[in-house]
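Common to both upcoming complexes is subunit A, partnered first by subunit B, then by subunit C.
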Partner chain A sequence: MGLAIIEAKDLTYTYPTGDRPAFKDVNLKIDDGEFIIITGPSGCGKTTLCRCFNGLIPHFYGGRLEGEIRVCGLDVKENPIHMIARHVGMVFQNPENQLFALSVEKDVAFGLENLGVPREEIRRRVDWALKITGVYDLRHRAPHELSGGQQQRVAIASVLAMNPEVIVLDEPTSFIDPLGAEQIFQVINSLNRDLGITIILVEHRLDLISKYADRMIVMNEGRIILNGDPREVLTSEEARLIGVGIPKATLLYKALKAKGINLNGPPLSSDEAYKLIAEAMSK
Partner chain B sequence: MIVMENVYFTYPNGVEALRGIDLKIEDGEFIAIMGQNGAGKTTLVKHMNGLLKPTRGRVLVDGVETTKVSVAKLARKVGLVFQNPDHQLFSETVEDEIRFALKNFGFDEETIKKRVDWALNLLDLERYRNVSPFMLSGGERKRVALASVLAWDPSIIILDEPTIGQDYRQKERLRQFIMQLNQQGKTIIIVTHDVEFVAECSPKILLMREGKIIAEGEAREILTDEPLLYQASISMPEIAKIFKNLSAFGLPSKVIDVYEAANILYERLGDAR
Partner chain C sequence: MSIFDGFKFRSESSPIHEMDPRAKFIYVCILFSSAIIFNNIIPLLILFLIQMPIVFLAKVQREWLRSMKASALFATLIFAMNFISLYFYAGHETLCSITERSAAMTIRFLVLIQTFSIFFLTTSPDMLGLALEQSGIPYEICFAFTTAVRFVPVLAEEAQTIIDAQRARGLELESGNIIKRIRNYIPILIPLIVNAIRRSMELAETMESRAWGAVKNRTNLYALRIKGRDILLIVSSLIILIISVYTSIYIRVPSITQMMHC
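Up next is the complex of A and B:
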């Protein structure tokens, strides 16, 4: 096991206007460098839980947070948002809400300028972040002229330029067309694989992304009900019963299994499924 | 029936959103309009209920040109549910929201009461009857917006991005619901880039790119044509990707449904044993 980068113990949270907790008794340990997907039905508490990872809860939303949570060694209750935000970047559903500057480059530089980082260093980090997310060629364009997928990659670049140890993304492809979504998922994967950044992705649509994850967490009614290897989670009876969006490739595996045809292990994506089927055909 | 003849539309800011659209949608059809963000999908459907009028060309709903009737009269036939429910909802309670249009259309009180109850029940919103729509979750607000349109019983129902923000189970419920309305004879038009949802519904597809329709056909044909989809920034559904590669084994390549896929593979792999 690696070093815990996020650790929650008996964590329970109630919004100021809530009559019952949004999540309850959450125990969770996330290691440095892991790629985690958090999923579950609407209203299960997954977005709320992620708001604790950068201190938006409790410092911005208020409410009552019980139990313990430490992120990058910082006690979330004791440290202000701007301290935690140096370690944890957030990317939201709709990139339009996150971009505001006149050019892509200025948007990505904004956070660094605020921290008083020297000019040369800003230049270097902005260019680096733009290249990794594949939007360097768009750096002089206005964000509102870009497609949704490009905008979301700019939003990721802005977060990346801050050099976070953890990036939390809340359904980052909901508004994006399918090819744009695939590109975003590839960028997220390379942030994890090549740069070792811990990724926490909240997502309903699991077809394109499950293959990249080390671990999948399923929440339902404010509790973590499954937490483990994506292959085990996605083939479990519980996941089916609460209506997790099982990837089509995994569903095909299960449908074949029900007919007595056993492929060599559950696939999480179309390319994995193809390989397993081709292997079975060649026998 | 909706007919568009050589329709062009330019927004006041100069953006040319539609560039020569010809189409015909028959009564009782189920159509998905797909394409990249900014391809003109939403602009297109706003022409179908008269919210926008063409800069050039004609739009006819049941033989009447949309420039010759009021939006209110068209809306009676063509119900449009917006992508963002907040652009549509404004009343203080869910019940008032649904009542509003019915009152405007001049239904009598008894009918209004009946239709409100029917719509609340249909979309599982009865318990929110007296709640403000703005207290509800995004997914629930989308259901309120849909209920308020269905309540006046339009014969053509247009849903703009109905699956955004919906979890798997809500999508499944939405799918069954759409299929049921279609079986009852309603014309259904959805605007979406959710390929997996479209693969499950299997409607006829209109593919758009840069203000034009670049292809029209059955879901099975369109969703398995990778180069064509690429032009519209759409990827194939997962099952189609698997079968594209499997065609080397002599299997059919135009497969988009999981259970059809399982049956085909069962025949092949089951025989071998």
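Up next is the complex of A and C:
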């Protein structure tokens, strides 16, 4: 277990226009290097919670934030967004509105320019981030000429270049085709595995990504209702009742179990299911 | 094809594209002034022709042609206006000379278009923004400029989508009197504006998340540096300017009509 990189205590938030809290009494501890998936039905407050991780809430959105939240040792309420942005990178849903420069590399450089990093250092880190996310060859292209999947990888490169300890991604693949989504998930996984970056991923499509996660958090109506090992969370009764997008492999496991066929532990992907079934059949 | 295609930057690698926008800007100003100084057809034709190698060097001949085609109508208009007014007011001139003077004005217009088109075809808005920045204009303004340029095609596409969607629902744009026609555009403008506001909110959120405003002196990935070829361009432009001014003061350039005793 590493050190707590994000810690929220009794966190409750109400938007300036809201009459009731978007989330309530959230208690959460995330350790350095963890890969966390947050899921839950639409409107349950996932996006709102993510906005607290880099100070967009309360500094950009206003409203009332009660309780405590510390990110990378910084009190979110006390520190401006640009201070927290050095530690936490944010990737949003719509790739189109995250890229505003006229070339890919200029976009990736944007954050570093804002931080006043010297030019040679910017160049080095931009190239590094572009290579890791697999968009180095596109560096001179205009962002609006790229596919959604490519744009989203550029957006990831843009936050990666700032060398954050945490990257938060809010449904990064919801506008992207399945192949593009798969590539994005691979990039995200390698950021966590190879670079040790803490990942917080909000996602509905759990089939492709669950196997990489250390922990899964399920929210409903502004509260965290499940928080634990993905295999336990996904096989739980609550997850099914809320309508979490449980991977088909896990559903298959449960269906077989109901028929009295016990596989050795719930699988999270079709590869794992295949292995477990092959194992069970060879017995 | 829209008129603007003849001016829209397209990424391409050529010596002209790589030149410093400030050098190109000086070139544009000088060619503009030279074209204004002369009203004689021969120097104007020369100004037009000496820019052709640049068009080819920049590999933008297709776009250049497009800008020329797009200005054809306007050029014809200029020719006709000049011709008519000269015909009625400059009584004792021959038809040849009137034609020539009208043609000269038309060519002057084409020189201006051509110069403009070379500049915008070969200068990326990014570089233009950078040039603005390095000329001491506040970064916020330069950023607004490049972002606006970046989102023009996106908004244009969005407008088209909304028009198509509203047409599919039975909206008629081209009917009724002028007030009715303006009112027809309301169902298009409202979603467009709402979308633009939502978009700008998301952009602002992204900018904040990337440490916008963290330090006073932000740095830049690119730096403009005047290179040898930029100096060459500036010097040649200056020579053109000197020749133009000298010629217009000390040399009476004959017109073609005079030379041919027409």
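The rule is short, and it goes like this: the second predicted complex is superposed on the first by the 283 of 283 C-alpha atoms of A that agree within 3 Å, B and C clash if a C-alpha of one lies under 4 Å from a C-alpha of the other, contacts with A are read in each partner's own complex, and residues count from 1 in each chain.
What we mean here is this: a contact is a pair of C-beta atoms (placed from the backbone, for glycine too) under 8 Å apart; a residue touches a chain by one contact, two chains touch by 3 or more.
Just so we're clear, the structure is a prediction, and the values are computed from it rather than from any experiment.
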(request) Return first, second, both or neither, reflecting whether A:A280 touches subunit B, subunit C, both chains, or no partner chain. (result) first
(request) Once the structures are superposed on A, label A:F92 by its partner contacts, choosing first (subunit B), second (subunit C), both or neither. (result) second
(request) Tell me which partner A:A255 touches in the superposition: subunit B (first), subunit C (second), both or neither. (result) first
(message) Once chain A of both complexes is superposed, is A:P247 in touch with subunit B (first), subunit C (second), both, or neither?
(response) first
(request) Write out the stretch or stretches of subunit B touching subunit A in their complex. (result) 35-38, 137-139, 164-172, 193, 195-196, 230, 233-235, 237-239, 241-242, 245-246, 249, 258-259, 261-262, 265-266, 268-270, 272
(request) Write out the stretch or stretches of subunit A touching subunit B in their complex. (result) 40-43, 147-149, 174-180, 182, 204-205, 207, 243-249, 251-252, 255-256, 259-261, 269-271, 273-274, 277-278, 280-281, 283
(request) Flag every residue of subunit A that touches subunit C in the complex, lowest number first. (result) 54, 56, 59-60, 81-83, 85-86, 89-90, 92, 94, 96-98, 100-103, 105-106, 109-119, 122-123, 126, 140-144, 158-159, 162
(message) Per the contact definition, I'd like the list of subunit C residues that touch subunit A in the complex.
(response) 11, 124-126, 146-147, 149-151, 153-154, 199, 202-215, 217-223
